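As structure tokens, here come the structures.
The same chain A turns up in both complexes below, where it pairs with chain B and then with chain C.
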Partner chain A sequence: MHLDVALSSLLGLLTTPRLLFLMAIAVPMGIFFGSTPGLGGKLGLVLLIPFVYNMDQLTGAVFLCAMHAVVHTGGSIPSILIGVPGDGPAAATALDGYAMTKKGQAGRALGASFGASTIGGLLGAMFLGLSLPILQPIILSFSPAEFFLLAILGITFIATLSGNSFLKGMIVGLFGLMCAFIGLDPSTGSPRFAFGQLWLWDGLSVIVAVLAMFAVPEMISLGVRGRSFDLSPETAAKLQDSGQPAEASSRKVSYRQIWHGIWDVFQHKWLVLRCSLLVAAIGVIPGLGGDAASWMAYGHTVQSSKHPERFGKGEVAGVIGAETGSCAKEAGSLLPTLFFGVPGSSGMAIMLGAFLMLGIQPGPTMLTDHINIVWSLIWALVIANIICVIMLIAAAPWIGKLGSAKASFLIPYVLVFALLGCYLFGGNWQNLVLVLAMGGLGYLFKRHDWPRAPFIIGVILGKIAEDSLLKAIGIWGASFFWRPISLVLIALIVASVGFYLWRARRPAVVPSHA
Partner chain B sequence: MLKGLLAAGLSACFLWSTAASAADTDLFRGKTITYIVATGPGGGYDTYGRLISRYLQKYLPGSRVLVRNVPGAGHIVGANTIYAAKPDGLTIGMFNTGLIYDQLLKREGVLFDLTKFGWIGKAANDTRALMLSNASGFKSIDDVLRSKAPIKFAASGVGSAAYNDTKIIADALHLNAQIVPGFTGNEGEMSMLRKEVVAEVGTAESMEQFVKEGHGYFALALSGDPTALPGVPRAAQYVKDDRGKRLLALLETLSEIGRLTAAPPGIPANVLAAERQAFDATMKDPQFLAEAKKLDLDIHPASGAQVEVRIKAALNQPPETVAALRAAAGGG
Partner chain C sequence: MLEGRILVSGIMVVVFATAVLLAFTYAPDARFLPLVIGIPGLLLSCVQLIKEVRERPEPVAPAEERRREVKMFAWCIGFVGALVLFGFLYAGPALVAAYLYFSGREKWYMAVAAAVFAWAVLYGIFEWFLGLPLFEGLLFQWIFG
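Moving on to the complex of A and B:
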């Protein structure tokens, strides 16, 4: 443990006005990129990389890390207020966050989100900071065999997130898995499900999948409704009975509601702790990826709850689990990027390119010769999270107005940015057609109450599962199942499925999800 | 008198050539040049592309050079995009030299003919090497050649240039190789640390850090400058048959032309000349070289004319070499 380095790095950040100033600029940028569906953190990094070109190593890296650290917290805003997530992890937040908004609890959901993401970010960073000396052997003990089994464990959550109909959930989940296989067949290198289209050789982007399943359907739904609000019938009736104008009172986000949400986080302290540790550990394992980590945290939250039936209908624990997951993984995915040059998430893959541009050469020497940079970046994540939550809480009542923005403003704003993001990131116009076509399908799913979350899980985990399985077989053959960690994971998969089946036998405990 | 006339004549020639050159570089005043990088942001190609484009802007006065990432299908989409662009010099870019394999193998999706691009120059050598992990138990390449047990190689995705390099070397050296594909970036080296695989074929530059950290060593230099990897045996001395020699020669050519910059076919000669001139000036710019050094980027430039000759030579393979490549790498 490098306590002296840890403290001197923290002091270095806090006593360097230039770094604090840059972090204060980076945080609102991160919030903007995160909260604008379609842009997201990865595009934010891409756009900011040219600006750090002439900065020194530490300044440039701290600036980018601070921006990236708060992207997911920003992403929770549209997920909660208008049901439009910008990326894979934010889609998990949308499931219960938007349902809470429909119940007139937007402020509480935002508070829970801000609190959970900050505490998750802090716990994740601290956990990883403390485990630095033993991190390398931990990271190296996970291989493609374990990535495969972890992906399968994640896929079993499809059952948990299938809502009222297990069959519908499985159909959508399998459709997602099938879409994950679009691209080059990893065993032959030949195009698969690509229909002669070169742009499909790289597979279906998770961003396209999320925007198609959530952003486009919500906007179509909004257009059909003609108003930004979608109160649940019970909430609307309750407000009407109390003599309040439904829209005016439900759109209001008060500080009281925000504190209520933050208090919820403390009431779910063990859940927050479990999710933070789980996700930081998953984030640290390169090969599984940050998108998967958030969904696993959400899946764990539903599975470990005494009331799984409440999830997807506005359960605050759902927001807390998903948000803790989104933010705790950042420090986790930073470390393999720094120590092995192997990015722990898709955002970190771009960050790795930026590090190389700044002259930071990832490798084990980061732990010995450049440990001050490692600690500075961990602290940058922590400080950025704190700055972010202060800014967001202060601005919450104004942020809440997004939820009541006019459809005539919201629809073009969301769709233009979503399509722009799709185009800028993939660089091809065909993705725009795909996002609209799949968005139509997503709308049909929404309208006919088919769960959409299993699709995202299938897309994210299908590719990981296939790649890892082929590597594991290439390395060990079928004997990879007998590795010690593999056996533990197999036991977990069996327990997860068994637990679901045991629960499904009990009446009235079937969860429902958007 | 004669001396005076000669001097005047020479001066006139110099002034004329300077004026012509100034006029050519002036072609881009007020214009925006799009520099296509055939990968996503971040990573080696993007770093080279962004650095080169900034200096091209300096040497094409009045122009703006913007980088556009056009990733997809292992550089094929980016190369197709450059190939199909209007040949006015306003769209140029960089892609992987490994596309030579794709053209030779007539891979699906290839809409370009590399011999027809307007070549502006190349920035680096991609010296290839075979690296063994220190935990492999092999002391030298001779141990590897004698091995009866399969030798596990980490490689990138099937069909990619790096995968083809691995297959070619395994074939040329008759190695008892078991290639595990699907590793990207440094994942192969991580797999070596986990003792899952023991060998990797790649550019010496990309593996240098791993060697410096004491986890592995270069067992065989496959191509490139003989002085680049001093003391490392060269593959040529181990390859005995004609098929192996042909494949190694192809790999050698690919190694000589890394980080290419190309323009679409049919680009007017004066425009190409101006861009070549700016590229050559970039490669000599002390500030550019200092930045490249800071970023740990290898710079071994060659002019567009030289690249053109080498590309044509690389693609002018007898059917036997193509057959050998197809047999080694598969049809793609």
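Moving on to the complex of A and C:
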């Protein structure tokens, strides 16, 4: 532990006005990139790299890190207020966050989201700082066999997220997995399910899947209802009893609601701690991807809850689990990027390029020669999260107005910008047609109570599972199951499925999730 | 009339059946996982379809709701069609204005103001500030090469 370096790096950041100013600029940029569907942190990094070209190593790295650290916090805003997630992890937040908005608890959901993402980010950074000396041998021992089993563990959460429509959940999850196979086959290089279309050789992007399954169906539903959101009958009745105008009361985001949400985070402290550690640890594993980590956190939240039947209907723990997961993984994925030159996520792959451009050579020497940069980046994550929560809490009542926007205004803007996001991500106009077709199916899923979350999990984890399985079989044959870490993961998979089956036998009525 | 819930299950059966049939045409290595996933998917979809067919029919949605659904689907097709043909910079603001005026029943000046705002964001932020080239539309590509 380099306590002196850690403290001097913190002091260095706090006493350098230029760095603080740059972080204060980077944070709203991160919120903007996160909250605009289709942009996201990766595109944000790509667009900001030219701006850091002339900066010194520390300034440039801190600026990019601060921007990237808060992207997911920004992504929670449209997820909660209008049910339109900006990316894969934000879709997990939309499940309960948007349901809370429908219950007239938008402010509480935003507060829980801001609080959980900040604490998740802080705990993730602490995890990174404290685990520096011990994680290296563990990370290096992970192989494709373990990646495959971790992906399978994530897929088992499909059952958890299927509610009482287990069969429907499994079908949608398997459909997501099938969609993940679109594109070039990793073993033979031949195209699969591409129908002779060159643009499908790159596969189905997660952004297209998320916007098709969530943004388009929500907007169609909004147009059919003709108003911003439906209050649940119980909430409408309660508001009517208290003599308040239902629409106005439910849409209002007050500081009181925000603090209520933040207080909820402290009441779920053990959940926050578990999700942060789980996700930061998963984020450390290169190649598994941050999207998967967030869904695993949400799956764990549902699985460990005493009331799984409440999830998907506006349970605040769902927002807390998903948001903690989204933000805690950033620190975890920074670790392999910095010390092994192996990016922990796709965003970190771009960050790696930026580090190299700035003259920072990732590798084990970071621990010896550039430990001050390492600690500065850890503190940048912490400070960016704190700046972000202060800015968002201050602006919350105005941000909340997004949720009370008239449906007729919301629909055309969301459709145009969601379709723009789909285009920008792949640069193919054909993605617009694909999102329309899949969005239609997504609306039918929503209309007839088919869970949509398993589809996203399938798309995210299908590719990872296939790539890793092929590599593992290529290296060890079928015996890869007998590696020690594999056995531990197999035990976890069995325990996860067993726990689900045990709980499914309980008489509680479990509704389906979005 | 075919019920929506049966339609969804039917679509899933067709999707999985097509995927499995296509997978059989691939090389053995390439078809392994699609078949491992596709065959159970097809079986489960068939079970779901049988369940849906056997269940009691759902009450039919009100005609007004069905009319609104058709209208929204038509708008979505219109959005994608216009963006693909005319690009984001021209079709985007026009669609915002058209939706607000015809569907939202807003005043014409509100629709124009919203369209100007959409154009300002599309051009100002995305094209000018961020330097992201926006899709110019197939029609303009065809005309101007």
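Convention: the second predicted complex is superposed on the first by the 512 of 514 C-alpha atoms of A that agree within 3 Å, B and C clash if a C-alpha of one lies under 4 Å from a C-alpha of the other, contacts with A are read in each partner's own complex, and residues count from 1 in each chain.
Going forward, contacts are C-beta pairs under 8 Å (C-beta built on N, C-alpha and C of every residue); 3 or more make two chains touch, one makes a residue touch a chain.
Keep in mind it's a predicted model, so treat the numbers as computed, not measured.
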item: Superposed partners chain B and chain C on chain A - clash or fit; value: fit
item: First, second, both or neither for A:223, with chain B first and chain C second; value: second
item: Partner chain in contact with A:253 - chain B first, chain C second, else both or neither; value: neither
item: Which of chain B and chain C A:432 touches, first, second, both or neither; value: second
item: Contacts of A:178 with chain B and chain C, given as first, second, both or neither; value: second
item: Angle, in degrees and to the nearest 10, that opens at chain A between the C-alpha centres of chain B and chain C; value: 80
item: Partner chain(s) touched by A:188 [first = chain B, second = chain C, both, neither]; value: both
item: First, second, both or neither for A:475, with chain B first and chain C second; value: first
item: First, second, both or neither for A:356, with chain B first and chain C second; value: first
item: Where chain B and chain C come nearest after superposition, their Cα distance in Å; value: 7
item: Footprint overlap on chain A, where chain B in one structure and chain C in the other make contact; value: 185, 187-188, 190
item: Residues of chain A that touch chain B when the two form their complex; value: 45-46, 49-50, 53, 140, 143-144, 184-191, 198-199, 201-202, 286-287, 340-343, 349-354, 356-357, 359, 361-365, 426-428, 467, 470-471, 474-476
item: Contacting residues of chain C [partner chain A, same complex]; value: 4-5, 7-8, 11-12, 15-16, 19, 22-23, 26-27, 29-30, 33-34, 37-38, 40-41, 44-45, 47-48, 51, 65, 68-69, 71-73, 75-77, 79-80, 83-84, 88, 92, 95-96, 99-100, 103-106, 114, 118, 122, 126, 130-132, 134-135, 138
item: Complex contact set, residues of chain A against chain C; value: 47, 167-168, 170-171, 174-175, 177-178, 181, 185, 187-188, 190, 192-193, 216, 219-220, 223-224, 226, 406-409, 411-413, 415-416, 419-420, 423-424, 429, 432-433, 435-436, 439-441, 443-445, 447-448, 450, 462, 465-466, 469
item: List of chain B residues in touch with chain A within their complex; value: 40-44, 46-47, 50, 68-74, 76-77, 80, 108-109, 152, 157-160, 163, 178-183, 185-187, 189-191, 193-194, 196-197, 209, 213, 294-296, 330, 332
